Amino acid sequence: RDGEHSFDALLAADERIEPRDQMPDGYRRGLVRQMAQHAHSEIIGMQPEANWITRAPSLRRKAILMAKVQDEAGHGLYLYAAAETLGVSRADLLDQLHAGTQKYSSIFNYPTLTWADVGAIGWLVDGAAITNQVPLCRCSYGPYARAMVRICKEESFHQRQGFDLLLTLTRGTPRQREMSQDAVDRWWYPSLAMFGPPDGRSTHGEQSARWGIKRFSNDELRQRFVDMTVPQAAVLGVTIPDPQLRWNPERGHHDFTEPDYDELFRVISGAGPCNRQRMEHRRRAHDEGAWVREAALAYAARQSETAVS
Amino acid sequence: RDGEHSFDALLAADERIEPRDQMPDGYRRGLVRQMAQHAHSEIIGMQPEANWITRAPSLRRKAILMAKVQDEAGHGLYLYAAAETLGVSRADLLDQLHAGTQKYSSIFNYPTLTWADVGAIGWLVDGAAITNQVPLCRCSYGPYARAMVRICKEESFHQRQGFDLLLTLTRGTPRQREMSQDAVDRWWYPSLAMFGPPDGRSTHGEQSARWGIKRFSNDELRQRFVDMTVPQAAVLGVTIPDPQLRWNPERGHHDFTEPDYDELFRVISGAGPCNRQRMEHRRRAHDEGAWVREAALAYAARQSETAVS
Amino acid sequence: MSSHASGAVVDPPVAVYASRLGDDALILAQRLGGWITRAPQLEEDVALANIGLDLLGQARMLLSYAGEREGLGRGEDELAHLRDERGFGNVQLVEGQDADFGEAVARLLVFSAYQLPLYRGLSTSSDATLAAIAAKAVKEVAYHRDHATQWALRLGAGTDESHRRMQAGLDSVWPFVDELFEGDDLERRLAADGVAVDSTALRAEWSAHVGEILVRSTLTEPAPGAAPATGGRRGVHTEAMGYLLAEMQHLVRSHPGATW
Amino acid sequence: MSSHASGAVVDPPVAVYASRLGDDALILAQRLGGWITRAPQLEEDVALANIGLDLLGQARMLLSYAGEREGLGRGEDELAHLRDERGFGNVQLVEGQDADFGEAVARLLVFSAYQLPLYRGLSTSSDATLAAIAAKAVKEVAYHRDHATQWALRLGAGTDESHRRMQAGLDSVWPFVDELFEGDDLERRLAADGVAVDSTALRAEWSAHVGEILVRSTLTEPAPGAAPATGGRRGVHTEAMGYLLAEMQHLVRSHPGATW
């Protein structure tokens, strides 16, 4: 297979581009950016949930939560590995995260204030993530598509766990019910904003679509998420905090109030309630671990010297 | 007044030795040692109680506890100041504490495990401290004696507060009663050990008595403490964990089981459950505060330069 | 979340107002309580305990009054130990755990420079209880502000390291400044009745005092925060708050109905 | 303190024994849970979570069994969240908050090198439930010990700084070693019946393994502690334990009777 011709041919045939295939620079750059951002989101996204590991109210839920956060670290590892197939290194990508030159999902800049937030993140945030990610399982870049298959399987498990957590609360005491409604009130619009700006204001959409990376528009995915979530809210018995929300039989979809995109842009650009905290936590872990990583490298180097000599 | 003659004369007349008076080297050294150890005990003694400030179960008790720990810092300040009248500096004494060359009371090397321990410390530990310290209000060295007058007044206030705390618990729920008994069980013998080894094994006793620093022997004070405490325990409704404890009408005192003096020596020499923790906490506070103290000195120096120029 | 479920004081407005100010004082007192035995020198253990005790005293009076006006039989201890995080109305500034003494000084400077004009204004409140509490507290807070000011000057103009750390402390608490002067409808209505102080009106004095200290201590005013804190008055806190409350409330929560 | 008041399991002996081992696993799992998102590299976040999950799983089985044999209707969650500090029977080793990764490795090495022969012995217990739990756990703990061993070697023989920190970690946990092999009457009686493992008999294997690692990683065995820890099995803990429990239990204590 040679060069751009075969790249276009592969795209046209809906086949996967593999690391050794030639590909346009823009395709490579865009993929690296997207996979890195996705990996960073998994890593930063561990924090708001890990915040509740030591405080989980049952040992079963503690185990579920610990396993979930662990899965997110694993997702980060898959995604960094997938990005590395394009000739970048995890260390460099982490440096860019720490320097603030690469982003992560804005959703993780909100605080987890109560135990119900853990459920709301599972149900709404993972629900939105899956809606975004399922189409990526068929994206044109092979390693990314394959990583997404594994990730989506686990994410959908997490979403069910979050739903189950909330269901226990909404069927619990009045205080537990209030706690769940409060969490849904706070996480609903930030979850809607996860799909990015509306199509008119989106920047990378068209080219990504042509390259087989993005198969649906932000607004299409957002609509799909709302349509999927509304009946689940009814089962839970929580109210989605949108008085405009209603089924539109003509469109065959729910009408809903758009999230505040100005807030989204503010949060992305650093002005969310927890941006500073998340980045400081991440940088501290990295900096405080430097001596450990150095020791591991020094030890490995000495071992391989010994093996050679 | 001149020299040793007047020193002996002052002692004989039961008057106070003042900083400018001449005094034997041994007297000075012994006093510095004793005042430093006493000051260090106040400072280290803040830790086991401060351990409960953020967890006190009522705002009133939190305020009482915070004020008590603050008083202890104040006692430390009086005592370091009294020691400084003999030509040593607080900074040097603290260095000796941190280096482990000067000691503090062994009692503070036990952990405060429950809220009732705060009460037991007030009742038993402060009770023992007062028994030890009241005679020091008449000790031969003026600055020490005057510091002790202030300290004893506050300590006896603390002792009543500790008693009151325990009384609330012993009149409370079964769990609170158990908590108080448990605390008394753990603090009784360490409190008895606060009076030091029995007279036969005491090292500094005789000379101190001649110099008017120590007016009663360890065993006399220990007996006084037991006789004072037993009726208070009855009011509280707690059992002193000593099956041999009983009134001896012939002696006009209570018979009781001696504490384990081997344990006392072990704890003094560093092997109590919290020695390491207390010293590390103290050294950390000191080391982490070094930049602040340096800044204050630099600022003061600059201010006085400015004032002069 | 309906505030009842979280234990928040919701009615009447003056009770809500008193509980907010009480929570400010309580949570900062809790943080200062954690400093004792950890201060850079003994005199400062004493001073921080003093300030903590003043704030705790204010908290007790304000929360008792909130409970009294609420009329549900809750006292200072029920309010302190049996509300959930979402039921606390303190500003987020007071929740933070200080990274070092420089941050503690910065936090106390920022907070006391806000609390002083607040209490001074409140000392003429048409609500006699609030006026009396504030009148007593004004003297205390004047000392707090002076204490923080002296340290800010010493650290700002002391050594290179102390300057760096004092600046870092300021940078760290600065995003929490705006919330102090945010105001809301409840406060405005109470202020219109002469009960409360309009906190938006306090910023000028705050800026004058803090600004002068920054100049005198050669510190730089941090850039206006991209992400100013908000929400504390509505029970939205930082993630540090839950841990603070767990520590503060655990014993009481573990012994339902007990007296201490 | 009668153990009932603190919530301790007091009868029958096998229930006490199971709850002690369950508490060891639970408290260390809690500490490891606090490491997640703070590890030196992502692989280690995964590994520490894995080990924490294994220990949590062991804790759940052991505490459930303790509750079952106790017969008072308490399950794993009542035992974890509604006992007071004096009612926990874990060794003090597992309570400590690690100063850094070196201390975490030291703690895990010391603990897993104790837990492995313990569970191996217990896998032939005459108590079928304990035997089954232990048989499953042996494989997990073998991995924990191997993981800690690999890191101890890397850190001990890595760089000067890692050597220094690994040594400091060992020094820090060493006073808590003796308690692991202390034994008591209850354990001896159960061991005589073939139910429990006599922990005093485990020290030889422990020393052989840990000693070999120290030699291979050029680390120095700390001097025998002047103040060896003791008392954990009787509910006497370090001052760190109360804070750990406040965090772990606060939510459950705040919602009496709720289901999660």
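First chain written, first letter: the chains are A, B, C and D, and each begins at residue 1.
Quick note on the criterion: a residue touches a chain if its C-beta (ideal position, glycine included) is under 8 Å from a C-beta of that chain, and two chains touch if they have at least 3 such contacts.
By chain, UniProt protein names: C, D = Ring-1,2-phenylacetyl-CoA epoxidase subunit PaaC.
Everything quoted here is computed from the prediction, not taken from an experiment.
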| item | value |
| --- | --- |
| Chain at maximum distance from chain A, centres defined as averaged CA atoms | B |
| Between chain B and chain A, distance of the C-alpha-averaged centres to the nearest whole Å | 58 |
| Between chain D and chain B, distance of the C-alpha-averaged centres to the nearest whole Å | 36 |
| Centre-to-centre distance between chain D and chain C (centres being mean Cα positions), rounded to whole Å | 40 |
| Multi-chain contact sites of chain B, meaning residues that touch two or more partners | 55, 175 |
| Of all residues in chain D, the ones touching two or more other chains | 84, 246-247, 250-251 |
| Graph class of chain-chain contacts, one of line, ring, star, complete, other | other |
| All pairs of touching chains, each written as two labels joined by a dash | A-C, A-D, B-C, B-D, C-D |
| Residue numbers on chain C that touch chain D, as the complex places them | 84, 243, 245-247, 249-251, 253-254, 256 |
| Contacting residues of chain D [partner chain B, same complex] | 1-2, 5-6, 84-86, 175, 226-227, 229-231, 236-239, 241-242, 246 |
| Chain A residues touching chain D - in the complex, by the definition given at the top | 43, 46-47, 50, 53-63, 66-67, 69-70, 73-74, 76-77, 80, 115, 168-169, 172-173, 175-176, 281, 284-285, 288-296, 298-300, 302 |
| Partner chain A, residues of chain D touching it in the complex | 26, 30, 33-34, 36-46, 49-50, 52-53, 56-57, 59-60, 63, 76-77, 80-81, 100-101, 153-155, 157-159, 161-162, 165, 247-248, 250-252, 255, 257-260 |
| Touch list for chain A against partner chain C, complex | 48, 51, 55, 111-114, 174-175, 177-179, 181-182, 185-186, 266, 269-277 |
